[in-house]
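Before anything else, here is the set of structures, which you'll find just below.
Below are two complexes that have chain A in common, paired first with chain B and then with chain C.
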Partner chain A sequence: MALTQKLKSHLASIPPLAYILGLLAAAVTERLAGEPVAVSVGLPSMPSLFGITLSQRSPVFLPAAVAYDLLMYLIPTYVVARLATPLVPRILERLAKSSLRPVYVLLVFALLLVWGGYHEYRILVLSLMGINVILAVSLNLVNGYMGEFSVGHAGFMGVGAYVASILTVWVFPRSLGHLMFPLALLAGGVVAALAGLLVAIPSFKIRGDYLAIITLAVNYIIKNGIENIEKIGGSRGFMGMAKLTNIPWAFVWSVLTLWLIRNFVLSPRGRAVVAIREDEIAAETMTVDTRYTKILGFCISSFFAGIAGGLFAHLLLYINPSTFSLLKSTEVLVMVYLGGMASISGSLLGAVTFTLLLELLRPLEVWKWVLIPLLLVGMLLRRHAGLMGFREFSFLVPREEAESHGSASD
Partner chain B sequence: MAYFLQQFINAVQLGSIYALVALGYSMVYGVLRFINFAHGDIFMVGALLAYVGAGFLLRLANQIFLPGAVVFVGTMLFSMAGTTLIALLIEKVAYRPLRQYRLSVVITALGMGVLLEHLALVIVGPWRLSFPLLVANHVYRFGGVSISTIQLLIIFVSLALMILLEFLVQRTKQGMAMRAISYDRETLPLMGVSVNQIVSLTFAISSCLAAAGGLLYGHAYPIVEPYMGITVGWKSFISAVVGGIGSIRGAVLGGFILGFVEIGAGAVFPSRMRDLISFVVLMTVLLIRPTGIYGVARRQKV
Partner chain C sequence: MALLQISGLTHYFGGLRAVYDFDLTLDQGELIGLIGPNGAGKTTVFNLITGIYRPSEGVIQLDGQPIIGLQPHRIAAQGVCRTFQTIRLFSDVSVLDNVKIAFYSQIQSTLLESLLRTSRSVQEDRAFTAEAMRLLELFGVDGYAHELARNLPYGEQRRVEIVRALATKPRLLLLDEPAAGMNPGEIDHLMDLIHYVRDQFKLTIFLIEHQMRLVMRICERIKVMDFGATIAEGTPDEVRNNPQVLKAYLGEEVEE
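Moving on to the complex of A and B:
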C-alpha cells in the first residue's frame, strides 16, 4: 500500500510538460525503431494500438505486446520525463504566460503526428477521436450547460455531412481539395445550424422531456428526409468524396471547437445559458433574453455537429442516412455522460476514452456492445455525474478564476 | 367506405400495440419522473420470450392435447413472467441506486437498452425469426371489409388488459399508492408506504404490458428480431408523450392516435414517407399542446 502511494506521489511530482516531452520522445523512438523492436520481441509486425488487438486475436502475443509497450512507451516516456523534470521550470520561465497554451497544443499536435501520422489505422482512429471530441463537446453545450435533453445530435451531423460532401463532390473543383475543404465544412456547419432552429424554436414553449421528443423527431425527420431525396442517393447513400480528413484537420477543428465552446461558456452569453439550466424564469427576470440565448446555444451546438459530420464524411468516404440514426446519437450521449455533464474536459476525456474503448473492444464484435453498457453503468454507479462532471482540467480554467478559487481539479 | 373501414381496423390493431407499450413508459414516468428508455427493448425481450414459450408449448401440444387458448395464455404468462424478472433486475441494479440523479439514470436506461439488444443478438443471432401463430387464423368478410381472428384477438386482448389496468390503478390499494406517488413523492413515505415496493410493482406491470404487446406484435407482423424494440419503442414513447406522459388515459389515446396517423399517412403518401409524416404530425401536436393531450402543465413557482 505504502509503495503504491509512494509511486503515485512520485509520478505526480513530474510536471505535465515533462510527460508530454517524454511521450514525444517515445513516439520518435517508435518511429525510428518500432519495427525491429517489435520483431525482436516476437511480434509479427509493429502493433498498431499497443498490441491489444493482436493479443486478443491470439493470447500468445500478450507477453510480447506487454514487453513492447514497456520498451517502446513506458520506459522511454518515464526516463525522458524524469530527465526533463529539472528543465521544465526553466522552460516555463522563458515562456510568457499567455503563450503557454499554444505551446502545449503544438506539442500535443506534434505528438499525435509523430505517433500516428504514417500509419493508416492510427490516422483513422485519431481522426475519429477528433470528430467524437467535436460531437461530444457540442452536445454537452445543450445537454450539460443548457440542461435540455437532446437525443438527436446525429441528425445535425448528417446535415453537415451531406452538405459538405455535396459541395466537395459536385460544386468545388476536385483539384482544390484541401483549399476548399474548410469552406465546405463551414457551409455544412451553417446549414446544420439552420436545422438546429427546428429544435430551438419549439424550445421556447416546450421543455424537458417533451423537448427531448422534439429532438428525437428532428433526428428522424432529417434521416427520413435524406432517404427520400433520390438525387443524393436516397437510402443507398452518397459517395465520391476525396479523402480530405486527416490528423491535422481533425486536430485543428477539434481544438478550435474546444476553444470556442470553452470561451462561449465563459462569456456572459454562456453564463446566461447556464442560468437557463438553473432556472429559466429567474434568468428571464434577471434580464436574460432566453429566446435569443436558446437559439444561440442550439445553433452553436448543431453547427459543430455539422462540422463533425463533414469531417466524418471525408474520412469514411461513404455516408448513408442510417449512419446518422439514433444509434449514433446514443453513442454521442454516452460519450457526454461518460465524460461528465457541463464539463469541456469531461467531453474531451469521454470522447477519447470511448473511441479507444470501441477500437480496443472491436475484436469482441457483438459482445462489445454488451460490455460497454455494463462499463458505463458501473462507472455511473461509482460517479453519478460522469468522470469529470462539473469540473475542469486546470488548463481549461481561466487564469483569473483559477487564482481566485484554486483549480477545481487536475 | 369499405376501404376506409378496413384502414380503420388496421389502425386500431397497430394503435393497441403502441398503446400497450406506451402505457409502460407513462406509468414509470408517472411514478419516477423518469423515461425508461430501455422499455422498447423490454418489449423486444417480451416478444423473444413469447417466441421461446410458444415454441415449447406448441411442441408440448403435439404430444398431449392442449386447447389453443391454453397455449396462448400459457405463452403470454411465460413471457410476462420472464420479462418482469428482467425488468425488475434492471431496475434494482441500474436504476435504483441512481434514482436521485435524474440524468444519470436516463443514461443507464439508454445503456440497458443497448445491452438488451446486443445480449439478444448474442443469444438468438441476427436472424429474423418467424413467429408461430398460436390461434387458427380465419378471415371474416363483411361486405368489402375483412377482419381476421388475429386482429380481433389483438384488439380484444389489449382492451382487456387496459380495462384490467384501469381497475388496478383506480380500485386497489396499490393503485392508489401509485397515483399518490405521482401526486406527491415526498409525502408518501411518511404515510407508511414503501416507495421501492410501489416502484417495483410499476415496473412489473409495465413490463407485463410490454410482454403482452410483444406477443401480440408477433402475431400481427410475424417476425421477431433483436432490433425490433427500437422503432416500436420510440414510437410508443412518442404516443405516451403525445397523450401526455404520466397519464394512463393519455398513453392509450396517444397510441391510437399514432396508429391512425401512421396508417392514414401510409394510405395517402408513399409508404417510405410514413415515418416522416407521423413525426411531422406529432411535432405539430406538441407545438400546439406542449404537454400532450392529457398532460397538465406543472405550475412553475416564480
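Moving on to the complex of A and C:
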C-alpha cells in the first residue's frame, strides 16, 4: 500500500510535458528499432497496438507482448520523462503563457504521427478515435450541457457521410482530393445541420421530452430514406471514395471541434444552454431566448456529427445505410456517458477509451455488445457522473473558466 | 403614462376561473402588494404578466404597448423581471454564472465571435463578470460567487435570486413571496433590502406576500384577491379594516 502510494506520488511529480517528451522519444525509438526488438523478444512481427491483436490471435504471445511494451514504451518513456523533468520549468519559462496550449497540441500531433503515421492499422485506429471524439463532444453539447436527450446522432453522421462522399466522388475532380476534402466535409456538416434544424424546429416547439422519441424516429427515417434512394446505391451502399482521411485530417478536425465547442460553452450563449438544462422557465424569465438557444445547440451538434460522417466515409471507403443505424448512435451515447456529462474532457476521454476498448474486445465479436454495456453499467454504479462528469482537465478549460458550465477543474 | 396597465384580465384553467376581471395601474416608482389566501390566483397574475400563460381575456400594456402574446424572454428583455415563489436558481451552476446568465439580452458579440473566442467576445464576458460581481457585492453575497447556487443557505438564495433578476435591468420587478420561509429577523432584512432596491435601481415593485407584517409596513397600496376576484384595494390601513378581507382571511363570522 505504502509502496503504491509512493510510486503514485513519484509518477505524479513528473510534469505532463515531460511525459509527452518521453512518449515522443519512445515512439521515435520504436520507429527505428521496433522490428528487431519485437523479433528478439519472440514476436513474429512488430505489434501494431501494444500486442493486443497478436495476443488475441494466440495467447502464447502475451508475455512477449508485455515484454515488448515494457522495453519499447514504458521504460523509454519513464527514463526520458525523468531526464526531462528538470528541463521542463526552463522550457515553460521561455514560452509565453498563451503559446503553451498550441505547443502541447503540436507535440501530441507529432507523437501521433511518429507512432502511427507509417502503420495502416494504427492510422485506422487513430482516425476512428478522432472521429469518435468529434461525435462524443458534439453529442455532449445536447445531452450533457443542454440536458436534452438525443438518440439519433448517427442519422446526422450518415447525412454528412453521404453528402461528402457524393461530392468527392461525383462532383469534385479526383485530382484535387485533399484540396477539396475540407470543402466536402463542410458541405456534409452544413447539410447535417440543416437536417438538425428540421428536427429541432418541431421538437422544441413545446416544452417537454419529445426530442428522444423524435430523434429515434429521425434516425430510422434517414436510414430507410437512403436505403430507398437507388441513385446513391440504396441498401447496397456507396463507394468509390478516395482514401482521404488520415491522421492529420482526423487530428485537425477533432482539435477544431474540441476548441469550437469549448469556446461555445464558455461563452455567454453557451451559458444560456446550461441555464436551459437547469431550469427552462427561469432561463426564459432571465431574458434567454430558450427556443432559439436549443435549436442553435442542436444544429451545432448535428453539424459536427456531419463532419465526423464525412471523415468516416473517407476512412472506410464504403458506407451503407445500416452503418448509421441506432447501434452507431448508441455507441456515441456510450462514449458520452462513459466520459461524463457536460464535460469536454470527459467526451475526449470517453471516445479514446471506447475506441481502444472496441479494439481490445474485437475477438469477442457480437459478445462485446454484451460486455460493453455491462462495463458501462458497472462504472456508472461506481461513478454515476461518468469518468469526468461536470469536471474538466485544466489544460482544456482553465480553472477560472470551468465553473461556467457548473463544473470544476481537475 | 402608467408603466403597467392591466384591465379586465381573466384567465381560465379549463373550467376553473383562476383570475377574473383583474385591473391594475402601476406608476413609475410605486411599491404595491398583492395578498390573498392560498389559491386566490396571485401567482397566476404574475405568470400572465410575464407571459408564461396567455390570458383568456383582458389587456396588459407596458408603456402603453400591449405585451400579451409576446414570448416571456421578450417581456423580460423589455424590463419586466420576477422572482419565484419556490426558488428557481440554476442550482448546479455557480452563483456568479447564475447572475451572468441574466445578461443574455445584453449580448452584443455575434455567434461567430463566441465560437472563435475573439477578443471582443472575451472582453464582453469580462465586462459581464465585473458587472455581476458589482451586483453581488452590493447585496453582500459576493463571497459566494464561486459557490454552486444549491449550496447556499436559503435566505442567501433568495438574495441571489433578486440579484439575478436585477441583472436583467428591469424597470418593473415582480417578487413572488420573497419572505416565504424566513424568520422575523430575516424578514426585517428583506424589507430594508426591498426599499433599498427600489431607491437604488429606480424600480417599480409589485409583490405577492403572505407575511402581513411585511406587506403592511412597506407597501403603499395593497390589492386583495380571493377566488380569482379582486375583493379590496387601498392603503394598508383601509385593507386591514375591510370586512371582506377579514372574511376571506378569517372565515365567515368575524368576532373581535
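By our rule, the second predicted complex is superposed on the first by the 393 of 410 C-alpha atoms of A that agree within 3 Å, B and C clash if a C-alpha of one lies under 4 Å from a C-alpha of the other, contacts with A are read in each partner's own complex, and residues count from 1 in each chain.
What we mean here is this: a contact is a pair of C-beta atoms (placed from the backbone, for glycine too) under 8 Å apart; a residue touches a chain by one contact, two chains touch by 3 or more.
Because the structure is a prediction, the values reported are computed rather than measured.
After overlaying the two complexes on the shared chain, residue contacts for A:31 are found with neither chain B nor chain C. Applying the stated contact rule after C-alpha superposition, one finds that A:82 touches neither chain B nor chain C. Contacts of A:281 after superposition on the shared chain: both chain B and chain C are touched.
After superposition on the shared chain, chain A has more residues touched by B, the comparison being chain B against chain C. Contacts of A:119 after superposition: neither chain B nor chain C is touched.
When both complexes are overlaid on chain A, the residue A:227 reaches chain B alone and has no touch with chain C.
Look at A:377: by the touch rule set out above, it reaches chain B but stays clear of chain C.
When the two structures are aligned on the shared chain, A:385 is found in touch with chain B, with no touch to chain C. The interface of chain A with chain B overlaps its interface with chain C at residues 281, 285. Every residue of chain A that touches chain C in the complex is listed here, in rising order: 260, 263-264, 266-272, 274-275, 278-279, 281-291, 296, 390, 403-406. Chain contact summary for the complex, chain B toward chain A: residues 29, 35, 93-94, 97-98, 101, 103-104, 106-108, 110-112, 114-115, 117-119, 121-122, 230, 234, 237-238, 241, 245, 272-273, 275-276, 279-280, 282-283, 286-287, 290-292, 300, 302.
Across the complex, chain A meets chain B through its residues 143, 149, 202, 205-207, 209-210, 212-214, 216-218, 220-221, 224-225, 227-228, 281, 285, 326, 330, 333-334, 337, 341, 366-367, 369-370, 372-374, 376-377, 380-381, 384-386. Residues 50, 52, 71-73, 76-77, 81-82, 84, 88-94, 96-97, 100-105, 107, 109, 111, 114-117, 121, 124-125, 128, 146, 148, 164-165, 167-168 of chain C are the ones touching chain A in the complex.
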